[in-house]
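Please go over the structures that come below.
Paired with subunit B in one complex and with subunit C in the other, subunit A is shared by the two complexes that follow.
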Partner chain A sequence: MRFWLVRLASVAVVLVGCFLLQQWAAASLTPYLQSLVFLAGGYVALAVSLNLINGITGQFSIGHAAFYMIGAYTTAFLTATFFKAQPLDSTAWVVLMVVAGSVVAGIAGLVVGLPSLRLRGDYLAIVTLGFGEIIRIVVQNVKALGGSFGIDCRVEPAPPSIMLMWLLAILTIAICRNLLKSAHGLPFLAVREDEIASSAMGVQVTKVKVTAFVVGSMLAGAAGAIYAPFQVFITPLNFDMYQSFIVLTMVVMGGTGSVTGSAIAGLLLYLLPEYLRLMKQPGTSKAISIGGPAVAAGLVGVIVLVWLLRVVQAKVVGSKWQRWAGNLGALAATALLVYLGSLALHGVPFLRSRNYTMAELRMAIFALVLIALMLLRPAGIMGHHEFSWDGIGKRLRRRTSGAKA
Partner chain B sequence: MSENATPVLRLKEATIKFGGLIAVNCVSFDLMKGDLFGLIGPNGAGKTTCFNLVTGLYPPTSGSIEFMGRDISGMASAKIAKLGICRTFQNIRLFKALSAVENVMVAAYLRHRTGLGSGLGLLPSAIRETKELRRQALELLDVVGLSDVAEERSGDLAYGRQRRLEIARAMATQPELLLLDEPAAGMNPNEKVDLQQTVRRIRDDFDKTVLLIEHDMRFVMGLCERIVVLDHGEEIAQGPPDAIRNDPKVIEAYLGAAV
Partner chain C sequence: MGLGLTLLPLAAFDPATLPGQLVYGILIGSIYALVALGYTMVYGILKLINFAHGEVFMLGAYVALFISWALGYTPEEMQRAPMPSSLMVLGLMLVGSMVVCGLVGVLIEFMAYRPMRNQPRISALITAIGVSLLLQYGGALFLPVSPPPVIREEANPVQGSLRVWIQKPPEPLLGQYTEAEREFEQAKDAHKNEQYKIRTNGTTEEKLAALSDKLAAARTRYSDLERQIQPKSIRLILPHGLLVMAGTSLVLMLFLRWLVMKTKIGRGMRAVSQDFDSAALMGVNVNTVVFTTFLIGSALAGAGAMMYALFQGLTISTFFGVAPGLKGFVAAVVGGIGNIPGAVLGGLIMGVAEALVIWSGLDMFKDAFGFVILIIVLLILPKGLLGSNKVEKV
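So, the complex of A and B:
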């Protein structure tokens, strides 16, 4: 009884929270910021659902955008064809589309996953990569789906997309977290760790892999179904390989297997490039511009940094602090080198004549952040760990008891 | 035990070829309920391959394998585990990133009852069952003496402990027949004595039938009641330890391997 009360209360809190987010965003944010909030939720859903496949079950899927696209195009097609002629209001329609989009994406996941997941090894990676491209090219050439021009999927009045997307993100997190909290998650983790041992312990390896893949695909499809009407007009370019790649990066960054990590990385990696892009917008603070020599020195600096961090990690053993000092030393040395290098490069006229703004360099900065993060924390932000209040409590207690000792 | 009781495990001329190599050649033996059976032979004799055949990793090229009177040759590994055969691995195959107790719970999960849906919703039934599996797992860790490291990452455990964890994990599937592949490898003499007791206890207190591979002669001779000897995939002797010890073919196989 108490269980159901708690469960009901938490669901209510989530619903109200997402509703308030929607109200607040609609009332006080610019359309651009609204889309930021919306897509942040979308990337959390995509990253966490891909984490179910890649991180928790250990199957390397690299075409997650394909299922996102299938969900979006299912919705777009159905909306363009039927929305005007049916009686549902826009919220109910989008919810219906979420069901349709996830079912179609799930079926596609089954068709792609079943043959490739039966095999050991990296077939899934190859197949999903190819599938992502094939789907995009097929859509580009199908008139009924708008071809490369795109398709109009306006739902009037505008549905509460931010609320729906964040509900989906939270649902995705809840599904993965519950799976890991109950014994039902163990076969998934076991398959990731060792397929042969898993099957010897009675785990039906193919079934587990396909389940993870189909559920992950369905969640991506659901995200696509919410995305399409928000975007109003979608084209195949919205779902190119970059999308798959960025979601995959989020999972790896977050620490494969960690739900919390994927969610945090999803937020950060989506918002960081957007933040850097903002710097170009008129009205925001004047972009910091960096001269050509600094850029050239910076590129060399990255290589040096990578090398130095490698050396530090291989050579410096000892306490955590000593290792941190080593890492900081490497960073400081690189910074100094970049500074001196850029001074020296000022002598090169071709380089001196060029200035870059932060916004122009955003992808380069983004790449640098990724590289540095991977070097410093190869297991991702969270490693295999999960965020939990208990864990924080334990850590604090340990710290205070350590101080006493 | 009467002569015509169904054997727990029966290999009938089981054979497997890898390309030109005949790894196991017409091997036949019966294990009766409650046997503590040894499988020995020089390196590369085909012992592990026998386990792989019995647990469905490979289908036999010819011959058959019966478990409790049922033909299991070529059946999927997971299904064989469900029927009641479980094994440990010579080259330890733990789920390294999982804790010791989670490793055992994976295996105990085989006998679970609630559906995936209750897990995804974290319903009371799933929570209760998770607790129950955990309790079972902790009990088994106690049997092999690993209670103190239950929450530790299994990949970080000492070698001997990893081997014992493999045994606890296999036990958790509640098998009728337990296959142990070199359980004492890499253990020190004290650990080996403990292990002998554990294996005996598994047979006596838990009513299992045990088939074990081991290179340490003292270990096998002191523990097993019957022994099969393989050499180059062929069965060269079968019988109680004393007979095996004095069998000229066995002596030759071992000396031949040693020279």
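So, the complex of A and C:
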């Protein structure tokens, strides 16, 4: 009884929360900020759904954007063809499209998943990558889907996309969490740890893999189906290889298998480059501009910093405070180096004549953060762990008891 | 409105152009093979898909560009005076690209991949993607990207092309055609030389205009005859540059073959690719082997990039390596990743397949076609064409 009450209450909270988010965003945010909120939800959904395939089941898929694309293009095609001639209002239409998009993406997942089961590890990765590229190039050349120009899929009046996307994100998280917490999830984890051993133990490996693949693809397709009407105009370039790579990066960076990690990394990695794009000089509305010498010195500085931090990680053993002192020392040394380096590099005319805005630098910074995080924390932000209130409580208690002793 | 592929031009499947396309495919395939070798060597030893390999390729093209600039083949200089090229220039660009790319590859391995060696492979893969993004976007901050630079054609010492008749056109026509072609070439040269002179006031507008008319007349006559002989003959047109490219690639591949099969370090490479840990226990210096692998793999990419950019006259950007990188990668997998002859075979298959796709008029699908081949091959032979089929054990 209590279980059902909690369930019901949490579903209600989620529904109300997403509804309020939609109302707040629509009322008080600029369209650009609205798209940030929307896409943040979208990347959470994509990252967590890919985590179901890559992290929880241990299959190596690097073509997730293909299923996202299939969902989006299914919606776009149906909307462009049928939307005007049907009686549904826009919200109901988008929900219908979510069903359609996820079914088509699920079928595609089945088509890719079934034969790929002969392949393991990297080979599966390569096939999914190839599948993603093939889908994109085919769409690029099919006139009915707008070709490389793109396709218009306006749904009027605008549907509450932010609410729908965040509902999907939370649904995705809920599916993965419940799978991990229930007996149904055990075969998935077993397949991840060792396929042959788990099949010897009676796990139906094929069924598990195909299920993971199809469910993951369906969720990505659903995300695409919500994305298309929000974006209004979609082109194949919205779904290229780098989309897949970025989603994959989110999964790995969050810690493969950790649902919380994927969600957090999805938010962070999407918002970081966008935040850099928006960064202004403090107190003014001018974009930040950095001189060439500082950029070059900063680039070298990050490399040195990562190296120093790794040395600290490996060499400094001692109390937590000693390690933190080491890290801070590394940071300070790097800051000094960058400062001196940028002064020294002022002598290079090629660098001195250049200025970069944050918008130009953001992808390079993104790549550096990626490499640095991977070198310093190869298991991802959360490792294999999950967020839980109990865990937080335990950690806090440990900290206080440690302070007493 | 159907999902029809209605964009096909009708001139596709012309049997007269098939042999030419096939040979062209093989020549271009040699570059894909060079790139594939880098992927396959690294994968064979570290089991890492080195996504940054395409970006090393890109850097190779940039190095060649800088060397050509340093030797005076800049756009400004080219307008001032005719500047002949020599094999020396070609050699300098080749060696320069190879050396710099080799060093960059080694540096990437040392900074980014070595710390990841004992980590989960997917983390290493993400690092590789990160390095690739860093070189693409970070490179765009410092390298010249706009207007898109191109290595000047004048820097290429092997101009012209070799023509092989498979079916000769009837005699009077052939004679006329050869004559017209010679005249056209002469008119072109004369006109070009006069153009340089006018900048240094060595000639007059009238002289140049007369030469222009002559050139136009020669061109009309030549293209008329060209149109006449085309349906009556089959021929191969092989640009000398592409032949040099394929020849150099072949030499490099033979060198690699010798290195891997006959030298001590090559034996080490083979041992490490069979079993990393056992090889280390048997006294193979694993770090030296990995170092050499990256050095050679990246140098091959640099050589390929320089020749690809120069002989095809392509514009260079920091995304220059993405397409050849992907094709080389697919070639490596098709041939059986980790297998060196397989990479060469895969590269040739990719080149020929691409040429066939263009020949059949589906050239907008040429990037997808490689992946189609890849998927078909992997579904039939899960380890690629020449890959070994090991049974996985618990």
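Note that the second predicted complex is superposed on the first by the 364 of 405 C-alpha atoms of A that agree within 3 Å, B and C clash if a C-alpha of one lies under 4 Å from a C-alpha of the other, contacts with A are read in each partner's own complex, and residues count from 1 in each chain.
Everything that follows uses one rule, which is that contacts are C-beta pairs under 8 Å (C-beta built on N, C-alpha and C of every residue); 3 or more make two chains touch, one makes a residue touch a chain.
Keep in mind it's a predicted model, so treat the numbers as computed, not measured.
*Asks:* Looking at the superposed three-chain arrangement on subunit A, would you call subunit B and subunit C a clash or a fit?
*Replies:* Once both complexes are aligned on subunit A, subunit B and subunit C fit side by side.
*Asks:* Tell me which partner A:131 touches in the superposition: subunit B (first), subunit C (second), both or neither.
*Replies:* It touches subunit C, and subunit B stays clear.
*Asks:* If we overlay the two complexes on their shared chain A, which of subunit B and subunit C does A:367 touch? Say first, second, both or neither.
*Replies:* A:367: touches subunit C, not subunit B.
*Asks:* Let me test your reading of the model: by the given contact rule, A:300 touches which partner, first (subunit B), second (subunit C), both or neither?
*Replies:* neither
*Asks:* Answer with first, second, both or neither: which of subunit B and subunit C does A:189 touch in the superposed model?
*Replies:* first
*Asks:* Is A:175 touching the first partner subunit B, the second partner subunit C, both, or neither of them?
*Replies:* first
*Asks:* With the two structures laid over each other on chain A, which partner does A:197 touch: subunit B (first), subunit C (second), both, or neither?
*Replies:* In the superposition, A:197 contacts both subunit B and subunit C.
*Asks:* After superposition on the shared chain, which partner residues are touched by A:95: those of subunit B (first), subunit C (second), both, or neither?
*Replies:* The answer is neither, since A:95 touches no partner chain.
*Asks:* Mind telling me which of the two, subunit B or subunit C, contacts the most residues of subunit A?
*Replies:* Ranking subunit B and subunit C by residues of subunit A touched puts C first.
*Asks:* Mind working out whether A:211 is in touch with subunit B, subunit C, both or neither, as first, second, both or neither?
*Replies:* first
*Asks:* Looking at the overlay, what does A:245 touch: subunit B (first), subunit C (second), both, or neither?
*Replies:* A:245: touches subunit C, not subunit B.
*Asks:* For the overlay on chain A, what angle lies at subunit A between subunit B and subunit C, C-alpha centres, nearest 10°?
*Replies:* About 90 degrees between subunit B and subunit C, seen from subunit A.
*Asks:* Just the number, please: smallest Cα separation between subunit B and subunit C in the overlaid arrangement, in Å.
*Replies:* Across the overlay, subunit B reaches subunit C at a minimum of 6 Å between C-alpha atoms.
*Asks:* Mind sorting out which residues of subunit A both subunit B and subunit C touch, each in its own complex?
*Replies:* Common to the two interfaces on subunit A: residues 194, 196-197, 200.
*Asks:* In the complex formed with subunit A, which residues of subunit B make contact?
*Replies:* Against subunit A, the touching part of subunit B is residues 55-57, 76-78, 81-82, 86-87, 89, 93-98, 102, 105-110, 112, 114, 116, 118-122, 124, 126-127, 129-130, 133-134, 169-170, 172-173.
*Asks:* Which stretch or stretches of subunit A touch subunit B in the complex?
*Replies:* Checking each residue of subunit A against subunit B gives 3, 175, 178-179, 181-187, 189-190, 192-194, 196-205, 211, 257, 384.
*Asks:* Please name which positions on subunit C make contact with subunit A in the complex.
*Replies:* Residue list for subunit C touching subunit A: 1-7, 43, 47, 49, 111-112, 115-116, 119-120, 122-123, 125-127, 129-131, 133-134, 136-138, 141-142, 326, 330, 333, 337, 364-365, 367-368, 371-372, 374-375, 378-379, 382-383, 392-394.
*Asks:* Mind listing the subunit A positions that touch subunit C in their complex?
*Replies:* 54, 60, 115, 118-120, 122-123, 125-127, 129-131, 133-134, 137-138, 140-145, 194, 196-197, 200, 245, 248-249, 252-253, 256, 295-296, 299, 303, 307, 310, 356, 360-361, 363-364, 366-368, 370-371, 374-375, 378-380
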